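Here subunit A shows up in two complexes: once beside subunit B, once beside subunit C.
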Partner chain A sequence: MNISGIGIIFTHGRGINKYDEALRQGWRKPSLIELPSVPNKQFPLYPVEEKTITDKGISGKTRRADKFSKMAVLAAMDALQDSDLKIDKKKFSLGIIVASAFGPHVTTFRFLDDILDYGEANVSPTLFSHSVHNAAASYIASVLDSQGPTITCTQFSLSFQQALILSKAWLHEGRCEYVLVGSVDECGTVMEYICSQKLKMAHDGKIKPFTFSARPWAVPGEGSVFFLVSRDKALKKYCQIEEITLGCQAIKEEDIDITILDADGIAGDESQYRNSLPTNAYIAGYAPIFGSMMTGSSFQCAAGALMIKNQIRYACPVQDNPYNVNICKVTKQAKMKKIQCIRYNCLNEKAVIMLQQ
Partner chain B sequence: MEERQKKELEQIRKKLKKLLVTNLSLADIKPEDIKDDEILFEEGLGLDSLDAVEIVVLLQRNFGLEVKDMDQGKKIFFSVDTLTQYIYENTKKPSKK
Partner chain C sequence: MIKIVITGIGTISAAGANLTETLDNFQDGKRNAGPVSLFPSTLPYPVFEVKNIPEKWRKDGMRTLSLALCAVEEALNDAELRHHLSGLRVGVCLGTTVASQLNDLDFYDTYRSMGEAPMDPVDRFLRGNLAGAVACIIKAQGPCLTVVNACSSGADAIGVALSWLKNGICDLVLAGGADELNHVPFCGFGSLGIMSESLCAPFDRDRMGLNLGEGAGILILETETFARQRGQKSQLYLAGYGSAADAYHLTAPRPDGAGLEAALQKALTEANITPQDICFVNAHGTATQDNDKVEGNVLARVFGPDIKIISTKGYTGHTLGAAGGLETAFTAVALLKGWIPASPGFENPDDEIPVMPLMEETSICGNYVVSTSLAFGGNNSALVIGNKA
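Moving on, here comes the complex of A and B:
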């Protein structure tokens, strides 16, 4: 399936051009926050600012939407716009698949807090309707006036890969002509607390994808990425997603120009990534740009798609390299035909997304 | 109208406008932008049926008032003034003899 458009919301702004700019610019310091439950200690975070998700054009339709849904709606809208697909073509033929590891958990916890504070009879039904995983997908369908199939996929750290597999199946069986497939995850107070207690927070603000550590550094992030995909080759603007594999199938590494490691410290032990290193191809990892996220593979894929489209190789934003692997050190024009994006989950299951020119 | 009553009504009005803006996510509107006699629904402030449910919750949480009869609700939810009057009449303490 072919990628025709990409929309993205991340810590440094909105839009695929902004992402390209951030990848060229390299690593930037994260924000430092203090958690109410852990006073006098600061934690690094890559948050999405309120101004990034403010869009007066859709403020009426998304007035009640929370940050989770707003990020997804804007990224999905931008992906559609980036594809130049005409509105009248998409109404019944556009599928929507949203991948998320934790759903709108900030709203879910607000709803639970309200039950504790005001009792079951006095909680807001609107808040409840926004606390479910499918809220973002519903908003996207409503804003785009789409009547095609719409679903939310959640499978912890491989949600995005599952969403891609499903979109491929929908396109293959003709359920729809186009699919807006993407991911969204939010980092609220509860998640920040969990990360601060369970993960090794990178106090220098640097995620180090090539240390392959059993206790890797993390800097939580949040955001959303959407791709408009279709089987229509005429609509291919970036690249094609050739294959999505879950498991340990062998990859013909001689064809691959870059292996992107989605090692960002969020899923624990990263020593397995050393087993996936190709001998010839370059290695990269762009998590230090957007932060540690269970759905970070979607951001890595967007970087891969940009590299194939623009025939460029982005330098790795953080280049700590104790094993001296062949990482991309400089941003420069290069022939880019095939890129693989690898992610391991916490059970050491491997997922590979293969992008091809 | 007594001076004290006027003051109390003004306090309720002020609190109510703030609660409406916050609880109904009226991001582009400031509490002072809402006129006292402005119609809240449809052609007025543009609120809808979901907002009506939120106002019911808002009255329960902040003033301990229940609105169960929606016919009565239509009259009460007409404007900030009608809501204020309803809150005032149903929350005022009995006067000492």
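Moving on, here comes the complex of A and C:
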């Protein structure tokens, strides 16, 4: 399965070039927000600014859309544009698969506000219809005028990996010729409060992927990444997704140039990642660029795809390295043929996405 | 070609605590609806609640999971798998709407008023990813996915399972959907003005809207080779799945029904059959003005105006994420048994709908049937089930 286009919305902006720029630039301080519920204390967050998701070109079609849907629409649209694929005559051959850990929870809580404030008979139908997980996929289909199959899925930490497995299956079966597969998650104040209660928030603003801690530091983030994938080798602009493995399935770890650890503090104990360290390859982790997210693997995967496309090795944005593992310390041109991205969920189940030139 | 057989079925809904009870109630034409009792409400809409969940599957604050586990147990027993999952590549793919959302009103109310709230509801939510929780309980070691495609979630979950099996990702899948009756969507559907204050009447001229319900419908799907290896025979198989988006509106179906028609054509193509091979359609049939009009016209266009159709939502209510699972299960059993129940609530034909649901229990003869699902967001799905006999 070949990656032909990537679209991304994250804390530092919109577009794959902006992401490349951010990866080259390295770590930047997160925003600090004060929760209404916890006065006089600030929490770090990598938010997506409103201006990032403002696009006059589609404002008519998305005027009622919430932030969650807008992020997904723009990332999906940019992925399609990045691929140069025209779908006018292929409206039934483009599949859409959206992975999300928590869905549009900000809108869900706004709908609960309505119930609590105005009573059950006086709630907003617009808020309700936007509170369902698949609202984003619906907007994507509508904006792109795509009438292929559409699935929204949620599996917390491994949502994106499961979405990739399904994309591969759809393409293999011929259910569609192309798939826009990606992730979207947002972080509103209630979620930030929950994070503050459940996670160890990094008050210095740094996610530290190589400390392999049982109680790792987190800085919540939000955003969306989409990939246009197909079986057509002529459309391979970045790299191919060679394999997605889950659980105890065996993986070949030969000739890997970089192992990206999707250790970002959001899924609990990260000590397992030490068992996944390759003997020769470089180790990297780019979560400090975009923040802690259950669907962060999609962002890591985008970094891997960029490295293969541009034959570059990005320096790790945060380099705290108590175990002295072989991390990428500087950004430089390098031969990049094979990159694996590893994620553990809270049950210590391992998932590997293998990218190949 | 890889054949995917249906070796087990489990259902729970207001129509019955299991499949046998459900079929009895179908034959008797029983409609177990009434006012909401699961949460306080002043809204005037009747609902289809499940009255008794067995003690062993009751999970505090996780009613959707409880419903799913009831149906899972029945399906596993039916497939003679209850104690034999160890070492198998078993996938779990389930659709839901309610179980995917952190929408606990008490938690949120406390948070708003106190500035803090106990984390128990959050912990329950994090433990309650439907497919993940079921996989954990039955110790399934294979792919695991919760589909959240609104009202077509259950049907799409079955479609995903078909893809997994055809691609050799696993040997056996528990697929379907589950949803509880919950206060939040109850208010939401009320706000949309599409719920009926009387019992729903799918495809009827005087239909006033839907009734919400709850339940779970689970199929055990496996490759025919794998089923044969473990000594299972099944006449029923999942012959095709089609899905297409409307690309039109968040809540209203596309007026020309092009998305549903495309989904049906894809499902028929995958099954390698023509519309004439279909002996009946279990329609989505919500009893809303828009759905029934669009769906009825598409069914007439694809299958002809004489196609036999029913909507079992008159027995179960609209069970949202469970609907596709339940209705596929009912469709499969009807094909196997050779009869379909009367479509409850229907009395008067609608001039704008060229097909008419059955008004009495009817025998069917044929090898293929279809179940359709339409959803918010413009998802349309169709599943074709075949009978090898």
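In the analysis below, the second predicted complex is superposed on the first by the 353 of 357 C-alpha atoms of A that agree within 3 Å, B and C clash if a C-alpha of one lies under 4 Å from a C-alpha of the other, contacts with A are read in each partner's own complex, and residues count from 1 in each chain.
As a convention for this text, a contact is a pair of C-beta atoms (placed from the backbone, for glycine too) under 8 Å apart; a residue touches a chain by one contact, two chains touch by 3 or more.
None of the values given here were measured: they were computed from a predicted structure.
Superimposing the complexes on subunit A yields a three-chain arrangement in which subunit B and subunit C fit side by side. Across the overlaid pair of complexes, the angle with its corner at the CA centre of subunit A and arms to subunit B and subunit C is 70°, in steps of 10. In the superposition on chain A, A:K206 makes contact with neither subunit B nor subunit C. When the two structures are aligned on the shared chain, A:H12 is found in touch with neither subunit B nor subunit C. Of the two partner chains placed around the shared chain by superposition, subunit B is the only one that A:S59 touches, whereas subunit C remains out of contact.
When the two complexes are overlaid on their common chain A, residue A:V123 makes contact with subunit B and with subunit C alike. More residues of subunit A are touched by C (comparison of subunit B with subunit C). Contact with neither subunit B nor subunit C is seen for A:K67 once the two complexes are overlaid on the shared chain. Looking at the shared chain after the overlay, A:L166 reaches subunit C, while subunit B stays out of its contact range. Between subunit B and subunit C the least C-alpha distance in the superposed model amounts to 8 Å. Shared contact residues of subunit A with subunit B and subunit C: 64, 121, 123-125.
Every residue of subunit A that touches subunit C in the complex is listed here, in rising order: 36-38, 64, 91-92, 96, 100, 102-103, 105, 108-109, 111-113, 115-116, 120-121, 123-125, 128-135, 137-139, 141-142, 144-156, 158, 162, 165-166, 168-170, 172-173, 175, 190, 193-194, 197-198, 246-248, 347. On the subunit C side of its complex with subunit A, the touching residues are 41-43, 97, 100-103, 105, 108-109, 111-112, 115-116, 119, 122, 126, 129, 131-132, 136, 141, 143-150, 156, 159-160, 163-164, 166-167, 169, 183-193, 243-251, 258-259, 262, 266, 375-379. Of all the residues in subunit A, the ones that touch subunit B in their complex are 59, 63-64, 118, 121-126. Partner subunit A is touched in their complex by these residues of subunit B: 23, 25-28, 50, 53-54, 57, 60-61.
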